[in-house]
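First chain A sits with chain B, and in the next complex the same chain sits with chain C.
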Partner chain A sequence: MPENVLDVHDLDVRFATEAGTIHAVRDVSFSLTRGEVLALVGESGSGKSATAMSLTALNRAAGNTRVTGSVRLHGRELMTLSERELRDVRGAQVAMVFQDPMTSLNPVRRVGDLIAEVIRAHDPVPRRAAARRAVELLHEVGIAEPGRRAELFPHQLSGGMRQRVLIAMALALRPAVLVADEPTTALDVTIQAQILRLIRVLRAEHGTSVLLITHDLGVVAGLADRVAVMYAGRIVETAPTSAILASPRHPYTAGLLESIPRIDHPRSARLPSIAGQPPTLQDDDPGCSFAPRCRSAHEACARRPVLSDGIACHLPGGRR
Partner chain B sequence: MAGAELTGQATIAGPWRLALRRLRRNRVALAAGASFAVLVAICTVGAPIWVALVAHHGPEYENLSGSISDGGRVVPVVADDGTPIGPGWRGAYLLGADANGRDLLVRVLYGGRTSLVIGLGSAALCLTLALSLALLAGYRRGITDTVIARGLDLIWSFPVYLLAVAIATVLAVNGVHLGPIEIPSDSTLIPIVVIAVVYVPYAARPLRGEVLALREREFVEAAIAHGAGAWRTMTRELLPNVLNTALVLLALIVANNILTEAALSYLGVGVALTTPSWGNIIEAGASSIVTAPMLTIAPGVMIVVAAVSLNVLGDGLRDALDPHGVVRVDR
Partner chain C sequence: MIRFVVRRLAGLVLVLFAVSLAVFALFNVIPGGDPALRLAGRHPTQQNIAQIRHDWGFDRPLPVQYLDMMDHLVIRRDIISYQDQTPVMPTIETGVPRTLSLAVGAAILWLVFGVTIGVLSGLNAGRWLDRVLTVVALTGISIPIFWLGMVLLYLFTYRYRDVGVFSWIPIGGYASWSDPIEWAKHLIVPWCVLAVVSIGFYARVVRASLLDARGADHVRTARAMGLSRSRVLFRHALRTSLIPVVTLFGLDFGATVGGTVILIEKVFGIGGVGQYAQESVAHLDLPPLMAITLYGAAIVVVANAAVDIAYAWLDPRIRVA
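Right, the complex of A and B next:
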């Protein structure tokens, strides 16, 4: 068993809002080994992004958020670090690739400067050296004519190139963990494939562990080694990608997979969907959060199932 | 791979160069900028040259009993009834003299130095303070922002001139004694500081709003996620995005501050009377506005030229720096 790069244990995130406390992430635990790609899958509001933001306490500055639990990077606890110590971790050891390359780049600065900025935030290298390194990184993420393109402003680049720039920024300091929050959602399908290939190559070259946050199961199939499915703030199922795609055990996972149109299946009149709405994350009901929408719910589901052996369900496999 | 060929310099032009290009197409703004530059040049470089080559006396030289030859006749600089000589086509006293027999043109030129230094200096100070407060409030948000924003409201709630007169009066009487900082009561630093402070909200409030909006943008979040600290986030991410607004404000504030200097000096709480400034010259000449109107007209025209040219330039800058600008240059 290889040593874990990242260990998350009992992560719990609550936001205080005017409408009451939102319990966004509930007892989430997972780990990442070196070079592993773990996909965190779930619908909007299931707590994926809140989990990602909590890893380096990015949501701590917002006064209304309370995060508890443990996040260990190479065995070092991050939750108790000061803001100053965290600054050295962010970007250098745990880096993020954001969802929207249109808005995640400072519009008034040249992309080369943006990358150099990340380097200089951690490493007091001379301006020139940082600029040279930025060009190398642009080359590394597959941007042609990197020297010329480093001089460009974000609006002069296409969406795919901007996403490459974001990845170059994230990789500038060779982080151990790359958190990619919906890295392909804002891109065309063809560009998506390029970006996924790029992440795969970089992972192989540098042994970077990747926490991939997505609701796109196609992306999961193409990139992830392992999948953790989140529902209402909890991980309800976790398994190797091939296993979960072939034989989902949790009824929610099964429902998710059924709701994807597939090119090799006969086209039915209607795409199946999961009836009902996900629960509001305010009140913590004692039973299974998915029970109200579950086809196989029964009496036992009034008690909350615990995650054991990669699944949190009283009736794994369900009854058809 | 998306590999469109990059051709020509045009692709690389940044927002500043694009703005400059737009500004260059705006003839009115260019003319305004040029006239302000000329004004600065004649007051800084032109004044000593004029004194050395033509007038042969400085701004403080009093000539109460002397006389000069004017078109063949010899006339006193200041007549027996106290009326100073008016403008005439001659070297010295081209615009006439004031009641103390001092050369009006020389005084207007040297007074322009004072007025411009105060206008530019206080605008620079004002904008520095405003940018610092706006960045701090917008970056920290929460309680810091509340304190700064309410503080600005407090200053803004006073009528500008009333506040300026009040502060200037106190400082002009006592000077400033703050630990190692010692400013004598007749220093031009006092009007600079006073004018800068009373206009801080004028610049800080719109800037704060912009920073608050920028703070919510994803690229700021991304910078923090990449390990940028407070200073780096404020100076490298937020500041470059508000510099265009700051530049427009700078031009408008300089114009405004030149006017304020004149007003305060006219009220006797601006520049010390021993130093000529446009406001001081008007103040001294106001009592003889009927007999020697040039004493108020000459510095008045200078103030108008400075203020109008800067305002027009500021408008041009605003058009040029507007990223959505299709630019109104088709005039």
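Right, the complex of A and C next:
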């Protein structure tokens, strides 16, 4: 069994808001082996970003957030590190790419300069060397004429190009883990495919482990080795990608799968979507949080199912 | 850059032309504006008035009068006032450095303190330092300027004149640049009075803008990449949050030169152009008004160009190709 690069255990995230405490992430555990791509999938609001931000305690600065649990990188606990110590982890060992490339780059700095800044934050190379390295990285992420492009400001680049810049920045220090939070959601379909291909190539070349966050199961198929499905702050199912796509066991996963547009279905047919709304994350109901929306809910669902053998459901596969 | 300067200079000429036309036209339509009547004294005869009209050239067509005035003002620079028939330019030339010293000094104070207080407040949002600074800023915003000016003048130069720490403060007036220490001594109280409202206001703007920027996506990226706290603050959050300050400053500087400065000049007896302008308006004295307006317009245009340069440096998105 390969040693885990990242181990997340019982991660719990609560936000104190004026409307009460939002319990956004609940007892989430998962691990990543070297070079593995794990997809974290779930509807918007299910706690995926909160999970991602907690890995390097990025949400610690906001006073209203409480995170508990354990995040270990190569066996080293990150949760107890100081802000100072975390800086050496962020970007260098665990790097992030966020959803919106239009706003995620500083608008007033040149992109080459932004990448070089990240390099120099972790590696005391001379300015010139960092600038050269930035151009190489732009080339590596598939930006043509990288020398010229490095001199441009973000607004002079397209969305896909900006996402490539962010990926270049994230990969500058060859991190062990890349967290990509909805990296393609803001992009159009052809660009989406290119960015996913790029992540696949980089993973293969550098053995980077990837936590790919998405609400779109369609994105998962070509890239992820494993899928963890998240609902209302909990992981409700986890399995190898091929297994989950072929035979989802949790009714929620099945619902997500049905709502993917498919080539072999008539275009005019309305996409089914899961009826109802996800629960508000304020209250901790004692039962299965998916039960109110579940086609196969029954009495047993008044108790919360525990995640075992990759599934948290009393009636895996639904009522037959 | 050369194109920018050329374009701005052309703009300046156009603005000055338009402003001078407007002032001239306005002066010739307002009631009581006829300078001949004013020059003629209390009980003029028709003949007196006609004589004055002729002597001063008021009987010529308006366009000719306008061009003649511009000639005396801009080219010969020997224009004289209607009110007391003294040359205008020397008075303005002594006044401009005084007014600019007052306005620029105050502007530097309000920028430095406004931004510093705003940053400190924003960084400590919700903590006691922020609360204290918020009270200070709001107090600053709410103080009536002329009142503060008079109170300080009274306190420092009369009531507590004998208290050692205040005894160096002069009783108003102005000292020339050539002695920088005296110059600053004379201006320090007026500077503070003039800056105090803006310091409060700018501090609030910077604080809000910094809090906004700290939650911005690109600042999150900077943190996620492991940049140091000071880098995240100064190179990422602060730089984008200063953009609104520059916008405000462009508007405020012009407004200050054309407004509050006049008040403060009068309270502290600085003898700048503002005071001169105020007296000229009271006497409906066109030549000095024209000269002062043109000077003012030129200063505002130049200040705006400086603001645009600062803008382009702060925000490449608006840089013209």
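Couple of notes before you dig in:
The rule is short, and it goes like this: the second predicted complex is superposed on the first by the 315 of 320 C-alpha atoms of A that agree within 3 Å, B and C clash if a C-alpha of one lies under 4 Å from a C-alpha of the other, contacts with A are read in each partner's own complex, and residues count from 1 in each chain.
What we mean here is this: contacts are C-beta pairs under 8 Å (C-beta built on N, C-alpha and C of every residue); 3 or more make two chains touch, one makes a residue touch a chain.
Because the structure is predicted, anything quoted here is derived from the model rather than measured.
When both complexes are superposed on chain A, chain B and chain C clash. When both complexes are overlaid on chain A, the residue A:92 reaches chain B and chain C alike.
In the superposition on chain A, A:194 contacts chain B only, with no contact to chain C. Which of chain B and chain C touches more residues of chain A is settled by the count: it is B. Looking at the shared chain after the overlay, A:105 reaches both chain B and chain C. Contacts of A:205 after superposition on the shared chain: neither chain B nor chain C is touched. When the two structures are aligned on the shared chain, A:145 is found in touch with chain B, with no touch to chain C.
After the shared chain A is superposed, the part of chain C among 26-34, 44-52 or 170-178 that runs into chain B is 170-178, by C-alpha clashes. Residues 56, 58, 61, 63, 87-92, 95-96, 98, 100, 103-109, 117-118, 121-122, 153, 166, 169-170 of chain A are contacted both by chain B in one complex and by chain C in the other. Touching chain A in their complex are the following residues of chain C: 126, 216-229, 231, 235-236, 239-240, 314-317. Those residues of chain B whose C-beta lies close enough to touch chain A in the complex are 1-3, 6, 11-12, 14-15, 142, 217-219, 221-229, 232, 236-237, 240-241.
Within the complex formed with chain C, the chain A residues making contact are 56, 58, 61, 63, 83, 86-92, 95-96, 98, 100, 103-109, 117-118, 121-122, 153, 155, 166, 169-170. Residues 56, 58, 61, 63, 84, 87-92, 95-96, 98, 100, 103-110, 117-118, 121-122, 142, 144-145, 148-149, 151-153, 156, 158, 160-161, 166, 169-170, 194 of chain A are the ones that touch chain B when the two sit in their complex.
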